[in-house]
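Each of the next two complexes has chain A plus one more chain, namely chain B in the first and chain C in the second.
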Partner chain A sequence: MGFFLRRLSFYFIALLFAATLNFIIPRAMPGDPVTMMFANATVQVTPERIAAMKELLGFVDGPLIVQFGMYIKSVLTWDLGVSVQFYPLSVNTVLGNAVGWSLFLAGSAVLLSFTLGSVLGIFAAWTRGSKFDAIISPGMLVFQAVPQVVTAMLLMFVFAVGLQWFPTGYAYSPGLTPDWTSWEFLKNVAYHAVLPLIGASIVQIGGFLIAMRNNMINLLGEDYITMAKGKGLSENRVVFNYAARNAMLPSVTALSMSLGMAIGGQMIIEIIFNYPGLGTVLLNAINARDYQVLQGQLLVMTLFMLFFNLLADMLYVLLDPRLRKGA
Partner chain B sequence: MKGIFNLLMNNPKALFGSVILFMFIFVAVFAPLLTDHVPNKRTGKPHEYPSPIVKIAQAYPDGWVAENLADDKRTMLMSKDAEHVLGTTRMGRDIWAQLAYGARVSLGVGFGAGIVVCFLATVIGISAGYFGGRVDDILSAAMNVMLVIPQYPLLFVLAAFIGEAGPLTIALIIGFTSWAWGARVIRAQTMALSEKEFVKAAEVLGESRLRIIFIEILPNLVSIVGASFIGSVMYAIMMEATISFLGLGDPGTISWGIMLYNVQTSSSILVGAWWELLAPCGALITLSIGLAMLNFAVDEIANPQLRSNPGMKRFEKMQKADKKARAAHVQAEVPHFPGEQDLAKDAR
Partner chain C sequence: MTTPQISIRNLCVDYITADGDVRAVNDVSFDIGKGEVFGLAGESGCGKSTIAFALMRLHKPPAFISAGEVYFADENGKMNDIMQLSDGEMTVFRWSQMSMVFQSAMNALNPVIPIVDQFTDVIMRHTDKNKYEAVKRAEQLLQIVDIHPNRLSDYPHQFSGGMRQRLVIAIALALNPKLIIMDEPTTALDVVVQREILQKIYALKEEFGFSILFITHDLSLMVEFSDRIGIMYSGQLIEVASAQDILKNPYHPYTHGLGSSFPSLTGPKAALIGIPGNPLNLLDIPTGCRFQARCPRVEEVCRTTANPLRQIEANHMSNCHLAVAGEAIKFVELETA
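Coming up: the complex of A and B.
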């Protein structure tokens, strides 16, 4: 239990730190966000209106420490303010609409790349030094090194614009009304998710593959593997039941962590394919100077990171009995 | 120097990676000599075809190139002078010039941020790992906090708030936000090293801590620091392209990311100007592959266990050389009796 309490308190500190960062960034930049917002307004702006807007958006006048207190209070009560861009909507609503799509895309991309990467990694380690290993391991790392902007743009150019196999953007056809019970709608969503999914997973396969391969290679020299071989077990059994099962351990926890990272990492894919996730919301907020949404966005993403890190910790304890006793 | 050369020759991945990297550095340094046009002014008509394509299409009007690549009559007519090696953008700017001058920004941001990351990671990692105690607690907490704050949104938000960030600003914000991973690895390695006998011996001898850090510990960390440097350069080049692509960079600079941004805003993909998209994409892919190969090579040199061919190639080479050397020593036997050779021939 001590282990968990320590982790939890660390995550709480990290959250406070992120909130502080969130508080500092807009205030450290030149110009006042609210005044900047009105700078290109066409209507007459009176000081009262500015004051009213400031109050509405949570920019309280007063010493920094008071402002900071108010901000932390609003974070802890989960009152992130009102979006400027979609005026009457609150930040919670704007982000809430996007979170589902982001989670869907990130979740399926991580699962896909984890499965592919681990299986390829197991084979690469088992046939170390073969042609397969020599091509697939650096090959996948190379894919990982290519910037996501480039892969996404090329995917879009070749398969969406050139060959026209897949749609160029959004999560479902514009005419459809979202109805999660109709088969038609689900098919449409899957069809629209193909390209973003490929773009988001291709960069992650390499990481899982290399982690799996390196773990396996380190394990293959262990005595119990030699023992299993000596007993005359079939190759499949040695590979999957003896070696891969133990090599999987670090990968499984990496899986949870990478889910948190993927939500931030796939933003660029969402933007290029105009997928209605958090990435697109972020870009729109940046372009519209919607500071409330920006701040909320960073906070939500940090929360996801923390949550999945915590999940990774729990999985680790669950999967590795040594940690359970040690803590 | 000779050692480095040998290392490159024995490791095809390292050779391949460094050739690519040096090619890009060469292009970046000699950009004004390699290009005929200025990158930031209109020097041609909008969307001209690349000149080799134009020439081939003019020579074979019914060939594959003319029918598939240069299929637009109007564009073909506009680019009949074939003055631009890689064609022009929507704004009529020379793509090859943009690519060459853009290499300066991409490499500059990459190496600048790489150096910042490397420096911070090494200083923080070694201090945390070697001094331990209170210092370690504080620095480790800072590392862990930096690791759980999502990088991409933080960078985008920072760039957005700074507004039209120039290359230097981008390099600095990348550098100051992404040192944590490297620092963590270096810290772990330092802790392992400071338990080793030679460090203990130096401590017992009464060496100063600075000397121990620089003479005993740092040289043993070179491979890790090198790997983290190449990794950060890759990451920084990628992030520069991404930030510029989103329109958060200074639109006045010429970089590969800005080129992609222009592709997106002028919807060149939709009008079929493939050359405008492929040029920056190709450059980014080639450079990333080169750096990835270098990274892989550093990994292999640092950790021999991970090599796909652990020493076998060298063993085979030695065996071959050995056989050759033996063959030179073995002399043809003198015939034991006259006619032996003829006999042997008949028996065969």
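Coming up: the complex of A and C.
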């Protein structure tokens, strides 16, 4: 438990540090959102109007230290302000609408590619040099090497535009009201998610596959694998309990990193398939100089990254007894 | 001679390399009697471990067994060729009949699963015992090797090197095998622990009556521990004799050289001579005797004629052309100053 608390306090400090950077970077840029808003305005803008606008949008004037205090307070109370672009929606609402879709799309893509990649990697390593290994391992690397935008466009062009097996975009059919208890709606969501999911997964499988395969091959030379075979254990037990179990450890870190990153949005996939996730929100926020949303989104990404890192730390301790102290 | 426990006939193991096939074990034949300790000695790379792995059929590509039979006595004394067993039959045979203590037993335990599982998986695989009975058996085995049973749920990294070695020996004993292969079981341990382990193994052998194939390059250790010893050189068995005989009355110059490379603790001081030259390159094997380039007594016949292992005296075999019964090579003794 001491370990857990130590990690937790470490991550809390990391969060504060990230939040500070989050505060400094937008302020280091010239101009501010309100000036930016009026920059293209043809009418004369009086300082009073600017001040009123600032107050409306929740910008604080004053020394940096005061602004920083307000910012930290808003972070801790989870009050991230009002979106400029979608005024009067709050940043919380804007992000809240998108984060679920992103979690769903990116999360399942990472889990899918991790599972597939690891299982394929285990078999590729176990049957090293076989036809299966010779085709699947380089093949998946080729997919990884092709830019995501190309695979996604190809998928869309062939299966959505050409064959029309799948819809071209969005998370559910227009006109449907989200109702998570309705089987029809869930089916519709799954149907819309197929292409984005494939597009987001296929580029990641190779990485997991190669990592798993290489770990496995390194481990297969270990004496305890030979001994497990010598004990006459079934092949399944040797592969999964002795080899794969140990080869998975480094992949767990890779998995949590990918999950953390994925929340930043599968930006390319989301934009190509017009998926209403954080990636789309981020792009729009940048285009519209919606700093509040931008700041909020960066914070959400930081939080997820830290959370999944913490999760990896915990999992590692669970999976590798050598890391447990004072057991 | 009564039926041996295991009888190895003309075993050949090849490695496929880019420069052609290399025969790492060439036409090796020997028997191990019931309850006997047979030592296999020789320098690194001479094929000792390759034989051990071949007997368990655990060799991995690029190695493969190219010829030979290995007969193993079953409960009824019938000799079965284990090279003919199917892969499925082989997994049943492994450990229940023949188990192995690996070269680096320090790494022979899976670091991420507790010890108890590494006992119970093999016990439950080969017997009808349920989990509870298997754990009971594991506790028994731990007691046999003097480790407290309450440590069963610990992980390998929580044990010292000597204890891990004893754990591996305990796992090797789990199914009362008839033959245990010990591939340099004490190499990674210091001499004190080494002695402790060997005494333990010896006591267990006396108690349970299994045979041991003991592999090491530590000749002095082997002489103390084994009943009979085979000396290997570049994949061939070149001399087989009883442990008392082999270093006192060697017939092969290589054995003589090995004997001269170790100081005696109790005997008179002798010059440590060693064997000049390097081990044979297996890709470039000369006609005749494989030891010719390093042999101090080499003659014309050694360069031209193949030299199979032959009986020199009762219980003493050598492949040296020049060996004549009763005329073993004498050791040069130094005058004590």
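In this section, the second predicted complex is superposed on the first by the 306 of 327 C-alpha atoms of A that agree within 3 Å, B and C clash if a C-alpha of one lies under 4 Å from a C-alpha of the other, contacts with A are read in each partner's own complex, and residues count from 1 in each chain.
Criterion: contacts are C-beta pairs under 8 Å (C-beta built on N, C-alpha and C of every residue); 3 or more make two chains touch, one makes a residue touch a chain.
All of these numbers come straight from a predicted model, not from anything done at the bench.
*Asks:* With the two complexes superposed on chain A, say which partner A:Tyr242 touches: chain B (first), chain C (second), both, or neither.
*Replies:* second
*Asks:* Would you sort A:Leu283 into first (chain B), second (chain C), both or neither based on which partner it touches?
*Replies:* A:Leu283: touches chain B, not chain C.
*Asks:* Would you sort A:Lys231 into first (chain B), second (chain C), both or neither based on which partner it touches?
*Replies:* second
*Asks:* Of the two partner chains, chain B (first) and chain C (second), which one does A:Pro138 touch, if any: first, second, both, or neither?
*Replies:* first
*Asks:* For A:Val119, using the defined touch cut-off, is the partner it touches chain B, chain C, both, or neither? Pick first, second, both or neither.
*Replies:* A:Val119 sits against neither chain B nor chain C.
*Asks:* Who contacts more of chain A, chain B or chain C?
*Replies:* B
*Asks:* If you look only at chain B, which of its residues touch chain A in the complex?
*Replies:* 13, 141, 144-145, 148-154, 156-158, 160-163, 234, 237-238, 241-242, 245-248, 257, 260, 263-264, 269-270, 274, 277, 280-281, 284-285, 288-289, 291-293, 295-296, 305-306, 308-310, 312
*Asks:* How about chain A: which of its residues touch chain C in the complex?
*Replies:* Residues 222-224, 226-234, 237, 241-242, 245-246, 249, 319-322, 327.
*Asks:* Mind pulling up the chain C residues that touch chain A in the complex?
*Replies:* It is residues 56, 58, 90-96, 99-100, 102-105, 107-114, 117, 121-122, 125-126, 155, 157-158, 168, 171 of chain C that touch chain A.
*Asks:* Which chain A residues qualify as touching chain B in the complex?
*Replies:* 10-11, 13-14, 17-18, 21, 25-26, 29, 128-129, 133-134, 137-138, 141-142, 144-150, 153-154, 156-157, 161, 214, 217-218, 260-261, 263-265, 267-268, 271, 282-283, 286-287, 294, 297-298, 301-302, 304-306, 309
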